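Presented sequentially are two complexes of chain A, the first with chain B as partner and the second with chain C.
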Partner chain A sequence: MDEQQLRIFVSIIQHYFEAETGRPAEVGSPFLCDPAQLPVHDFTGVIGISGNRKGCVYFSSPREILREMLLRAGETDVSDENLADLAGEIANTISGNARREFGHEFLISVPVVVRGTHQSISVPRDVRAYVIPFRWHKVDASLVVSVM
Partner chain B sequence: MFGIDLGKYRTIVISIALFLIFDLGVLVLNFFISSEIASDAVNVNLAGRQRMLTQRTAKLTLQLENRAQAGVPQDVELKELIAAFSLFDRTLAAFERGGETASGDGKPIRIAAVDDGVAQAVLADARKLWDPYKARISEVIESGRASPAVASALVTQAERANLPLLKLMNDLTTRVEELAASKATLLRAVQVTGISLATINFLIILFHFIRHLRASDRQLEQARKETDDILRTTQDGLFLLDTQAVIGVQHSAALERVLGTTALAGRSFYDIISPAVTPKTLDTTREYIDLLLRHDVKEKLVASLNPLECVEVQVAQGPGESDSRYLQFGFNRVFENGKVTHLLVTANDITRRVRLERELQASEERAKGQMGLLVEILQVEPAVMNQFLRSAQDGLQHINRQLRDQGSAREVGGETINAIYRIAHRIKGDASALGLSSLATSLHSLEDILNGLRERPALSGEDFLPVTVRVKGLFEEIEAMHLAVSRVAQIRGVVSVEAPRPQHDPGVEALPFVQRWKDFAVRLAGEHDRAVELNYHGIDAETLPDSLREALNSMVNQFIRNSIVHGIEDTDTRRRRGKPEAGRLSVYISARDDGGVDLSFRDDGQGISVSKVRDAAVAAGRLTADEAAAMDSRRIVGLIFEPGLSTRETVDEDGGRGAGLDAVKAMVMQLGGQIRIGSTPGEYCHFRLSLGALPSLAPIDKTEDKAAEEVPA
Partner chain C sequence: MRRLMIVDDSNIIRSKIARALGEHGLEVVGLSPNGEDAVERCVSARPDVITMDITMPGMDGIECIRRIRSLNPDVRILVVSALADKATAIQALKEGAQGFVCKPFTEESLTEAIGELFSEE
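What follows is the complex of A and B.
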């Protein structure tokens, strides 16, 4: 992943928050992270990448962000199912946009939503992943790009 | 037959036609003979009636005579006689020549003349008897009544003709019956023959064709089994596509594995591949298949257009994890009567091949990139290199921590940039000092980005994205260098020899003994119209035992002199060779765990010229020209440590006597160490000494080495 490609992922998320909530997410300074220490919050939408490059991209949010987004959208049901649906929608947005931007370079899978710890997220080993922190409504979420 | 090619069915069609012809023949004959038998039956009846009419006519003549003699009216008898007479006469004539008569129910009936010789002879005899009889009766009939005399004459005639006529009519009846019976026999014979022939024909058809059918079935069964075996065993996905691109009913078992889907028969090929390819590729595939199905387009011409040579298919493997497989489809036309009826398609999973090709390509690219890197790495002492790489990696991790610790803060302070800059700059300085130019360039570009960020009034986290990307690239460069160093070390087999290098301490450069070396080098270089710069890395030599320190000092001085006198080129030459004007002398001393020390001395001068050493050895009379020519470069270079051998043409206070390196060798021998030399002509010369840990040293005779006295130990 080069700088340009990372910027595309960042802008997809910024646009999503701006369009859905009218309030953009702040982007923190990106850093590198070993696979074992990757940040994983309550709900994570994972997109697999294969082809010339292999790995995954995921957006992981704490439940507070998702709940706040639902409430702002007028949704009163903030059950885990609904929060997971929203995490899935964010992942779908990333996946759809990414497919449009990178469709000719990589194969981008249909996203899946994972709850809880990162045991269930399979990231490439021996690869330093990019972690791009996001802050929205004073809560931190993370975009992780781990591609070989 | 009839212009239709019956092929293998010709015999069966002929057999069936024969069967029908036999049946038809029997039918026609049956019809014909039956009608003959029917007319014979009429003849039998009529002949029987003639027999009856003879008796009746005789009876009526007797009655007529009785009536005439009694003188009573005879109208009734006469009328009956006329009827019987005329019926007999007409029937007889019909039998003889064919003609009309009355049937049993009085209706007119036409019969053919009896065409049998025996019957005609009977009829001729009857005619002879009948004609006089008929004349007498006609006479009575014509007169309207019979007198007793006429009646008696008639009776006499009747008595004469009656019995023979009865017999003849009886014979006629019998003969006609015989004729009818013989025809019935013929009919039966015809029927039996016809049915027998038809049955024989049927049996021939049955046995002949059943045998052939069984043979054909066996062949078909075998062929089917062979096809099944092929389709079950082949590792290729094989199937036929019809003109509508629909998959045929049969396909190889491997196809389902290759395509990763089941129930393929009868499905559209396009439906199956559409999820795996782009809409554009799908359209191209349609066009390609349409082209292949046109028999006026050459298959070889369009083969290169195949858009499915290598199709990448994504396969889900787990949550958020997917992998790619690569499929290859090949198309061949199937012709029938010169027209393309199907396409034979082979589908293969070429994932392994594609991956190998890509790995090969990537490794070639890596190898290209590593070549330059290796050249740089080879010029640096492995221990120095390892030390540098560890320190660089620590530095990069520090930078990454700086980035991470900012988190998602909106405002990023300039202090972070300065901290990152300082670390990057330090690594760059170290990389430059070691001649690692590509790494220094990468770090320089990171510095440029940081400088750009410094100038911005406000910074967000995203602005650091290029910094993170560069840092990742630097991590990868450092790792590649690590890998290269360890490979080089394996090749050299020096991993265990090289001592771990202590942390670089800039303060060490200011130590008095280093300063003395520097001063000495600069002064000596000035005397020889050269410019040099001496760097020292390593331990504080003052901490070593006196004897060892003194030996090291002496050796370093000797190497400095050797470098300046023999190695470092004048500034013009260095400039021409693309080297810095000041020659670089790098000294490195490390302490080993066993109490010994390692000394490394390197200059970036013109290196050791093997041919000059060889010539000097011959000139000094150490070797004959032949011996020198036969000696390998390694041993020739070893001669520079031999006493009295110098490549310098003139002798002065600094060299030419060939004594300096000889003294070094003597000291090393005394300390129980070893010497290694590395050199590339025009590039560098590198001495590496491993010195033993002897508690004390014998005094070194410095009187022969005047220059050594110039530098106080």
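What follows is the complex of A and C.
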């Protein structure tokens, strides 16, 4: 994954939050991260990547962001089930939107959602993992891209 | 009133679509979390229009469109998917969908796309 390809994900995050909430996310600079130290927040939606690429993309967020997004969308049920559902849906949307640039052979799995900050997310050992940090509604979250 | 069925593995997306289109005069007659359920349900629900996700556990949206189309050739199908590449849209249209809305979507883009499905009437 080179800098230009990481920029695709940066741009998708910006577009996603702007389109869904009317308020863009502030996206920081992507950085390479040791797989043992990858950020994990309250809810993490993981998408497996196969086809012409291999690896995974995951979106990890504190509950505050997900809760606020649901409320803004008019959803009154802000149970953990719906927060988890939203984390999976965001991971799915970001990965699916990336096919516009990576092509239809960039195959994405259905999301798997992991709950809790004490969980660890397995990323492929032989693939570099980049963290794209961002902030929305004054709360920090992360997109992790580990794709070769 | 037109009868709407919503097929998406995300509960919050099903609710979002139901809220948006329910306010624009469509009656929600079915909510399905996957392709298998949608094929079964569309026989009894008799929808006039279906919104269809593509990436779902089990049967995906493309296969689901194919099967529903063989059961009900008159139903209008609008794909609502995160898969933003042209090849997926072309494949969905080839299998019998009449429209495609990319996630993330706004209420306006959704109602406009539904309106276009019936613009020839």
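Definition applied: the second predicted complex is superposed on the first by the 133 of 148 C-alpha atoms of A that agree within 3 Å, B and C clash if a C-alpha of one lies under 4 Å from a C-alpha of the other, contacts with A are read in each partner's own complex, and residues count from 1 in each chain.
Going forward, contacts are C-beta pairs under 8 Å (C-beta built on N, C-alpha and C of every residue); 3 or more make two chains touch, one makes a residue touch a chain.
Every value quoted in this text rests on a predicted model; they were computed, and no experiment measured them.
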item: Overlay on chain A: chain C relative to chain B, clash or fit; value: fit
item: Chain B versus chain C as contact partner of A:Leu70, first or second or both or neither; value: second
item: Contacts of A:Val46 with chain B and chain C, given as first, second, both or neither; value: first
item: Partner chain(s) touched by A:Gly96 [first = chain B, second = chain C, both, neither]; value: second
item: Partner chain in contact with A:Asp80 - chain B first, chain C second, else both or neither; value: neither
item: First, second, both or neither for A:Glu20, with chain B first and chain C second; value: second
item: Touched partner set for A:Pro30, first chain B, second chain C, both or neither; value: first
item: After the two structures are overlaid on chain A, angle v-u-w for chain B, chain A, chain C in degrees (C-alpha centres, nearest 10); value: 70
item: First (chain B), second (chain C), both or neither touched by A:Gly88; value: second
item: Which partner, chain B or chain C, touches more chain A residues; value: B
item: Closest Cα approach, chain C to chain B, once both complexes are overlaid on chain A (Å); value: 6
item: Shared chain A contacts, counted only where both chain B and chain C touch the same residue; value: 103, 109-110
item: Chain C-facing residues of chain A, complex; value: 15-16, 19-20, 70, 73-75, 77, 81-82, 85-86, 88-89, 92-100, 103-104, 106, 108-110
item: Residue ranges of chain A touching chain B (in the complex, touch as defined); value: 2-3, 6-7, 10, 26-33, 46-52, 54, 56, 58, 103, 107, 109-112, 114, 120-122, 128, 130-135, 140
item: Parts of chain B lying in touch with chain A, wherever the complex brings them together; value: 278, 312, 314, 316-324, 358, 400, 403-404, 406-410, 412, 416, 460-469, 471-472, 475
item: Contacting residues of chain C [partner chain A, same complex]; value: 9-13, 15-16, 19, 55-57, 81-85, 87-88, 102-106
